[in-house]
């Protein structure tokens, strides 16, 4: 396979703090010899594990980028034992555009792995993570939130894995992260995910969903910032006690967790995030908007549980996921 | 002045419940003899005051449309004494598009009054309200929220007016509405507003800001639904006691309430809606996103107060309003 | 009023055949010192009446442009007594784009009169016709068809006017034109129309609707070509007998002629152009397209008559004119 | 190969009438967890052959969707012996947009077979038909028309095949369909076609071209509706005699059938659909539109025949197919 | 007339160097309470004349912005006697977009005077210059170049005016500026120009054309930087001798200076900027691009002169200005 | 591999001058049976070598198309011994659009080889050159310039190759071409290039960079026209002496030749094309445009050399190539 077209302006083996770029040549109508410049920070000191922290896998999710632009600026090489690689905005074109996918090629970063060195821009980034950055890492933390079209209760999560030792280590990191909620996820269709790429290399991989709507609050950003530090402490890369927090463990046992809309319209939720629903109860109503006086469609719960995610925009389209339930464990 | 090109399929003088349309002819490339069809409901019974309720003045604000599509469907003529005119989505093209302004002509409905019968689509709608609907009304309730780019504490509001009797009546309706917060607004630049158009005719006019981000929660929609009923009760159009709620009155004393961004970037709020700030304290930081390691810009409070509104999207642009403070009265 | 910015490369007073342009300066991002170039032909010989023939008033109607590009190329000055001014594509930017309105400013030429010399491009063209070309004319023939979104039975038409002599002369020209159908039109809202501009100057004005769908057939183009020649013959500008054709006179007595859609969907016509309907019978059904198994909405005839125009595209939107009926006279 | 991401909300093995969806997950900027919802109807009763009926393979062709939304709503399980699977709008995103290809990925459904489960949206739909729906079918009827840019004489057609028994059965179905014209097609470049996918599995496959221009008439829709019923009758799935119609069989013997434009301009047809032309005669003229007075380009017939299809829009571009001839057999 | 909605963050009466903004509230879909922020610098010291320097009147012309961002940063209040107001990018939205006109409203700043406080964004900026900034100024220097679609010989210019004293003063400033060429311009159609607005107030107004193509060279930027300093010296605002340069005075005597294209195509110039042409000689050829082998159209000189400006892009459209000639005086 | 879908209307084996098309079927929303028509000229006479001349590999580079439309029209079969195949606009959709890449599929022709017969439009063109045209050729001349976003000193170039005989022949052709500068290029990443495709077949391949900015001057077009004739003379295809010109040979020894921007802004060059710089000297400054008074970023030379290419537009983006240096040999 041909080498990645991406070149880094930082040296991953050098001690100290380096702020630089992953430069990805991208020839196009408005720049014949242009490039995508993805900011990256490497903080290294001596021997120790490597943590790879990423935000902006989807470009409209903000807790991760806030925590990581902040961490990259604050982290002192002297307080580190090992290495921290920080990419606050992994799908940088998407992050610049404030969109889930890349405006360049509509690439969904989290369905683009393992990527291709001669593919589209998003695939080239994925390929660089696959072949260059992931192999350097011991522990990988990838921040997500709901983005502009979903809203989530704040949780940190890891996957159910075949390798139970790897799985246990990951859940230890989830506990250390200290989000208000913690989730055990069973991925049905893991093809193309960054998560899978990391896990298949035997890396410890944890992720989050910390809010949504394309915004971050002081509260949700604080969870991300504290979680990132806790992960570095748990990994032994920075010293000091974990800032321990209570967490509620959740589980999504089956497809009944999801309720999809079969009709578009104006969505009215009858339940808010974190509230409990009975099986069969109405979670939301979808008002037809073509005329007044028409009956709304009801979206019902397929099981009892807690509302952990919901459609965010005021209008909903047929096929949109309307609500997601989980159960406490 | 030529007559409005809009025709109503409902009869404003007929008793009973009517669901119909305001039909606005709109010739364009994809429909030579097309029209904009704005849903409207009229519920009338005997003699009594007329309430005119509107949502979707800005197309990405959802508490109003939810409350009004719901009210239009539920309201029984027999329980009414007088008349209720309901237009859940005043700037209907904007509402359909999920945008603040009309995708047809970029018209901001609330800066388009008194409108023009031979103007753009948004101006034609404004003109119809100015010359047909407002003159029919005694009390006008226009629902707003923050839309996709702002988020607000939920409040109902009326304007400081020269006519103190008119003003007092309006604030009585604000109190009746029963939002968690209530605001006395002094409009500096009232040109083009629907509010002004109504007030200048001597109508009682109240408005709201009930959340934002282009979404509505079960909680915020419930405030709107209860408020609408309370207004009808206070007006004597429907019978029964007001569902009274505690409210905190707020005031925005000067331009120091507003903090604007002079630089774009990734915005990190240090304070959430409803929290107090000291004068000079940092409300938010704006991280430059071109590279890691750069110092964020700080947005400071120009006065002490409570954060009542904030920029919503994760990215902010130079010139955007970042934060709004108010003081309790 | 300032003079028109348009300059003609032809001399309206010179004998002979001239092919040239109306040059309208139009500064824009892709041409700082650019112009819109509207093709024009003037054929003049000695003394006699002036006919002004226009097509492309709406840019997606083709019988007129076909007849007029053809006529402009064929007409010999020697066979003319008087003057023929031919503008095959009046709203030239719309014609180039194949759209009803101008892609530059969304201007609907037939709602832009009397225009403005300092307005948008479409208004500048209207102003030039208003102040320069119409005053030169005795008889004006403006070709229309249904365009991309409507389809018509082929007819030539003139308006019911207060000046009965002017009206009678116009209907004589309609008869001379010789379309399969002929229509007496009562314009309700004549503001902004080219028709009105011409009629108010006392000019004889006739127009057509000759098909539609954004296409022309050999048959419909032949009607336009024959009609143009017949008008020149009837005006005495060219010699020879009118190619007389049988015609059916039609009338549109009231607003009951029109049937609008209140819901969007897939439109299924049960009647074709030229067929008769009873009052109350179903002209078309609109199938909801969000799911199978739903009942279609019926569009009914508000009066008995013949289907003379219909919505053309397979999908229909709420507010679109679905069907137009007329009665034989 | 990984399984299709599409899930059906109907059970293909259950008796009765079911209206549901093929749900295709489609994550994008405006819906992180969104789906494409393709309406489907299954009508099954006991044992018997399966007919698979599709419209909207190209999204701007309307006779098929009209006939199939109608059939799906009307068909009673009791009158069926076997199974009818109806997908009125196969490339549903294209159908919603009123475009030939999918607005999502520009996919031409009829060049996307056999599809890919991990490809673009159009390829995912093709893959589902390839691996799930086609294997269920015995007889496949796929409705086409000319769409917005072509117009056709109405015909039903099947392909010349190597398997002469399969071919004969198909032509029997064409005859049963009962369109005014019937066509024997020899496909030169069959790669990617739905037709080919079905035929290679040994299915009976018939198709149609029933008009065009992006519209349907009462007449053309009636041909589609009658044809669908006749096919079900000929297959023995519903009882009763075929509504037999006279048909004219046509053949397209060589590439001389096609006439392409080498220059863009305003197209004037001299011949209409169904009319005969001599070899070398002028079918159409293309008027240059940059100026008046220029000579049109002539498009000539390369053989004698009947005009069976033509370019529809009033403007033509270099490279567009202008006219198609066929010969009666 | 209502006051300007624009507020300045600088104090025009305060001594010292101030860098700030003209803040123009601009509510829109992506920022409900957003603003356009136009950078401005004021350098003031004691009593003396006021110079108002502007670039980016058209957003794709770069010598002015380069000279003015540079000057704003370098200028020391101590070296100034009087006041210098610098707006490097007058039509800031256009400058940000790299376009001649504003991407917000397509406003051409130099055709938008005197502007309107309640108009579009470009008109609001013009109004602020008309009513606030121009009245403060004694000498106005507005930088232009050809932008993306024209290229010019570098010249400084002023207008022929009725007030011959005002005119003479302006030409003295043109001479002081010291561009390689100097032009006496007779404006035919001065409506809407910034130039006219300033001149009608009796201000000294000079302008430039310093290159084009949407780029600036080291050489052309140096002319702008030197010219700006020379103007401040000539005005007595900064001390020291003018950096005098030889200049060639030019005149554009009539409309024969301009040659327009009547046909689009690939333009081949036979003469370069600064070269002489005879009357009737071929300046450029336009190759038709639809096919090879076609004859090019020739663009001829209507008079003898020197090529001072030309169409820049490789393709030309009908109506574009192809070439401009001037004569030495 | 399936055959190319492209058909040529010219016969490559016939003597004489033929002007025709490469017709590439391209079905799309606005033309169901449309095609891309790429103009081509073949001039052949008897036996001799074949030269393949191409322009418009990138659609915004004009010296090549000017020289080749001109050559195609002028070349007389009688003066040729052998064959000249001329494709003035290889990526014809890009050329029509005036863009580097194809507006149809964003394909960069020079990264699309060897292409695919069932790929996107750009890949289909590449495949036709790969499998049909290149095999016919002995000498290939592909014209490039800088396009809209780069500007170059005019040079002709060939690659350093493993086959030194092939390399020497190519440099002989470069010398014969006679551009002011001549370049020896070492391609680092040759994947997908037309150059590589030709060279790997053993063809003599030369290319050019002759200016840029999306324009051509009389001077730069003359270099292209003379060079094309010189190449034909050197190949022995047309008779007569080479019009010999002095040339300066250049070399780009390492990656230090390139200077990229890490920040966007307004670019001010301190050096022009052809001027010498010292190592470490400032080539350009990038002014931040968000506010006045900010320090510009400096772009420095990484080595001593001559400026041979530079970013063209006035604004620069992070990641854009700002400057390219070369050394004289």
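We call the chains A, B, C, D, E and F, going by the order they appear; numbering starts again at 1 in every chain.
In the analysis below, contacts are C-beta pairs under 8 Å (C-beta built on N, C-alpha and C of every residue); 3 or more make two chains touch, one makes a residue touch a chain.
Everything numeric here is computed off the predicted structure, so don't read it as measured data.
Any chain bridging chain C and chain E, meaning touching each of them, is among B, D; the list is complete. Seen from the Cα centre of chain E, the chain whose own Cα centre is farthest off is D. Between chain A and chain F, two chains of identical sequence, the interface residue sets overlap only in part, with shared numbers making up under half of the total. Look at where the CA atoms of chain D average out and do the same for chain E: the two points lie 58 Å apart. Chain B and chain D have Cα centroids lying 49 Å from one another.
Measuring from the averaged C-alpha position of chain B to that of chain C gives a distance of 43 Å. A straight line joining the Cα centres of chain E and chain F is 35 Å long. Those residues of chain F in touch with two or more other chains are numbered 21, 37, 60, 262, 290-291, 313, 318. By the definition given earlier, chain contacts exist for A-B, A-C, A-D, A-F, B-C, B-E, B-F, C-D, C-E, D-E, D-F, E-F. Against chain C, the residues of chain D that register as touching in their complex are 17, 19, 21, 37, 39-41, 60-62, 65-66, 69-70, 72-73, 86, 88-89, 95-96, 98, 151, 213-219, 221, 266, 268-272, 275, 287, 289-296, 312-315.
Chain B contributes residues 262-264, 290-291, 318 to its touches with chain F in the complex. Listed in rising order, the residues of chain D touching chain A in the complex are 2, 5, 21, 23, 26-37, 118. Note for the complex: chain B touches chain E at residues 58, 60, 99-101, 106, 108, 111, 146-150, 189, 191-192, 260, 262, 313, 317-321.
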